[in-house]
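When the chains are written out, they are named A, B, C and D in that same order, and each has its own residue count from 1.
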Amino acid sequence: MYYVVAFATLVTMGLALIRAVLGPTVYDRVLSVNMFGTKTVLLISVIAFLAGRPDFLDLALAYALINFIGVLAVLEFFKSRAARRLQEQAPEDAP
Amino acid sequence: MELLGLYHYWVFAILLMIGFYAVVAKVNLVKKLIGLSLFQAAVFLLYITMGKVSGGTAPIFQDGVTDAVFSNPLPQVLILTAIVVGISTTALGLGIVVRIKEEYGTIEEHEIQEIDRR
Amino acid sequence: MQTVLDICSWILLSAGGAFVLVGGIGALRMPNLYTRMHAASVTDTMGAVLVLAGIMLQAGLTLATVKLAAILLFLLMTSPTSSYALANAAMIAGIKPDAGRAADREDDA
Amino acid sequence: MTIIFGIFLLTLLVITAVAVVRTANLFVAVMLLGIFSLLIAANFLLLDAADVALTEAAVGAGISTVLFLGALALTSERERAATPHRWLSLIVVVSATLVVLYATFDKPTFGDPEAPVQQHVAPWYLEKTPEYIDVPNVVTAVLASFRGYDTLGEVFVVFTAGIGVLFLLSAQHGHAARRRPDEDGSNIGLRDDLIPRVVGRLLVPFILLFGLYVQFHGDYGPGGGFQAGALVAAAFILYALVEGEDRTLEALPFNALLTLMVSGALLYGLVGLAGIVFGGTFLDYSVLADDPVAGQHLGILLIEAGVGLTVTGVLLAIFHAFAARDRF
């Protein structure tokens, strides 16, 4: 029965990858990275039970904990870039 | 299945050469470093693939299981350390790129060479 | 007893797999960024909950179940947060939540 | 069946790699590199390398994305120039690919237990680990004890790379390069975003706890100093993202990071020397306690701690060095 889930997860990973390659905006790519992360957590949990090695769940736990650091870094990146652009424009706007 | 017995090695070869292409052909220094990490990942994949034994499992003994077949632990040890070394050296490369950007104002290879020629 | 558990797992895992698949198709086919995010979050919540619950039933009362519960808890905390962060970043960059494809632009944000 | 999963994942890996190289937007390339890392970790798991997959997870999921984004913020986000001599490079690369592909036909079939690589020292490690070292995780035993010299070298490479980054990026340390926190508001992180801030703060202690678990459970399951160091560094990087650089540096000052880097490497070296002092050879832990197996346990515990300290210190020092740089 794990094969059903593993198969669905793999197909979804493929779909997310197509979305990541097609884009069109950068945010679509971030979205698919994020989605890929959760799919990897599910896939690893399923593989751990398929292989009969529940200690592999540590790996899924690691991904569940630190996957969103990447997305937060992206948000911080865009915010500080927006702030920098505002600052660059400010001297020109001043009379 | 016989036909696909070498598939992992083919993927290794292709990934290696994709990384190689990025290193030799691209002029952007950050892109070169990204290519280098692809190249690195391909080598990791080669090592881990070689250590796999059919029907084997991860080389961690389990209580009450005595007849398990284990994959080769040695490539895993080498690659485990290599991943952390890889990120440190990539960071060193990125540090050099940042300094180049600060001194030359660009990270495109041909522009840097032009500035050097002057 | 084991049969009942197996049947429950089957139902949960299949439903979870279906949600994951539907979310994946949605993320590919929806017309703009915000609707795609909506589809993708289905896989992060419903899909993950059902799949992990199905595995938990099979694992029984072991350490593995505790780990699975922890994974589920952290996933339920982090994936809405990352969706929020992403939507926020997109809004800052000026992508408007219009219906249809009008909001799509090529990468240059 | 799992071999089919592997083949599917490897195919996705190649597609991702091609997309990484083709895109001219470096930000997109970094995002795709994140997907690449997730895929290769899943592949490692399918190839029975749980420890390696955990390392890739700890490093690839957060730290490498953060580092690349930090470098992009300091340089530029786009490749400006088109690739020159594209066809020449392609011809060279394709012919090299054909050579490497030709070489793969001499490889033993995937998973062949009779392959030469399986005949050398690996069976000896698997057979002797219960007797000499008595830890369930053979990878940890080989890493820390049988091949302790090798790991010592790797730790010093990491250490040297960290020093190199600090030399490069703290050239004008102190005044010009270091931004003041309230100057442009760009290094307060996400302090104004309530939701990421609350969730991030909530997760930091759990990541630290999990890092400690990975550090000390490494003898029994996947884990060890390298993974734990990366996880702890990831926790502090998360704190820096949601609370700002300055508060992270208050919690763990830069000098403390330097101390961590040095003391970890030093601890490793000293454990090796202790072997000589107690009458054994360099990095021979058997003499550290009355019982050789207990000595091995003690030695592995200490050097894994050293590895963890150095990796945490180096990764965090690198992160701060990038974050403290003046942006263009």
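Assume a contact is a pair of C-beta atoms (placed from the backbone, for glycine too) under 8 Å apart; a residue touches a chain by one contact, two chains touch by 3 or more.
Given the structure is predicted, the values throughout are model-derived calculations rather than measurements.
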*Which pair wins on C-beta contacts, A-D or C-D?*
A-D
*Going by the average position of its CA atoms, which chain sits the greatest distance from chain D?*
C
*asked:* As a quick test, compute the distance in whole Å between the mean CA positions of chain A and chain D.
replied: 19
*What is the distance, in whole Å, between the centres of chain B and chain C, each centre taken as the mean of its C-alpha atoms?*
30
*Return the distance between the CA-based centres of chain C and chain D, expressed in whole Å.*
28
*asked:* Rounded to a whole Å, what is the gap between the Cα centroids of chain B and chain D?
replied: 12
*Any chance you could list the residues of chain C touching two or more other chains?*
74, 78, 81, 85, 88, 107
*asked:* Among all residues of chain B, which ones touch two or more of the remaining chains?
replied: 57-58, 60, 62
*Where chain D touches two or more other chains, by residue*: 25, 27-28, 50, 72, 190, 193, 196, 200, 203, 206, 221-222
_Touching pairs among all chains present in the structure_ = A-B, A-C, A-D, B-D, C-D
_Taking the touch rule as given, give the residues of chain D at its contact with chain B in the complex, in rising order._
3, 6-7, 10-11, 13-14, 17-18, 20-21, 26, 29-30, 33, 36, 40, 43-44, 47-52, 55-56, 59, 63-64, 67-68, 70-72, 74-76, 79-81, 83-86, 89-90, 92-94, 96-97, 100-101, 103-105, 107, 109-113, 115, 117-118, 121-122, 125-126, 129-130, 136-139, 142-143, 147, 150-151, 154, 157-158, 161-162, 164-165, 168-169, 171, 220-222, 224, 226, 229-230, 311, 314-315, 318, 321-322, 325, 328
*Residues of chain B defined as touching chain A within the complex*: 57-58, 60, 62
*Which part of chain B faces chain D closely enough to touch in the complex?*
1-2, 4-22, 24-31, 34-35, 37-38, 41, 44-45, 48-62, 69-85, 87-92, 94-99, 101, 107-108, 110-111
_For the chain A and chain B complex, residues of the former touching the latter_ = 51-53, 55-56
*chain A to chain D touching residues, read off their complex*: 3, 6, 10, 13-14, 17, 20-21, 23, 26, 29-30, 32-33, 36-37, 40, 43-44, 47, 50-51, 53, 55-56, 58-59, 61-63, 65-67, 69-70, 72-77, 79-81, 83-84, 87
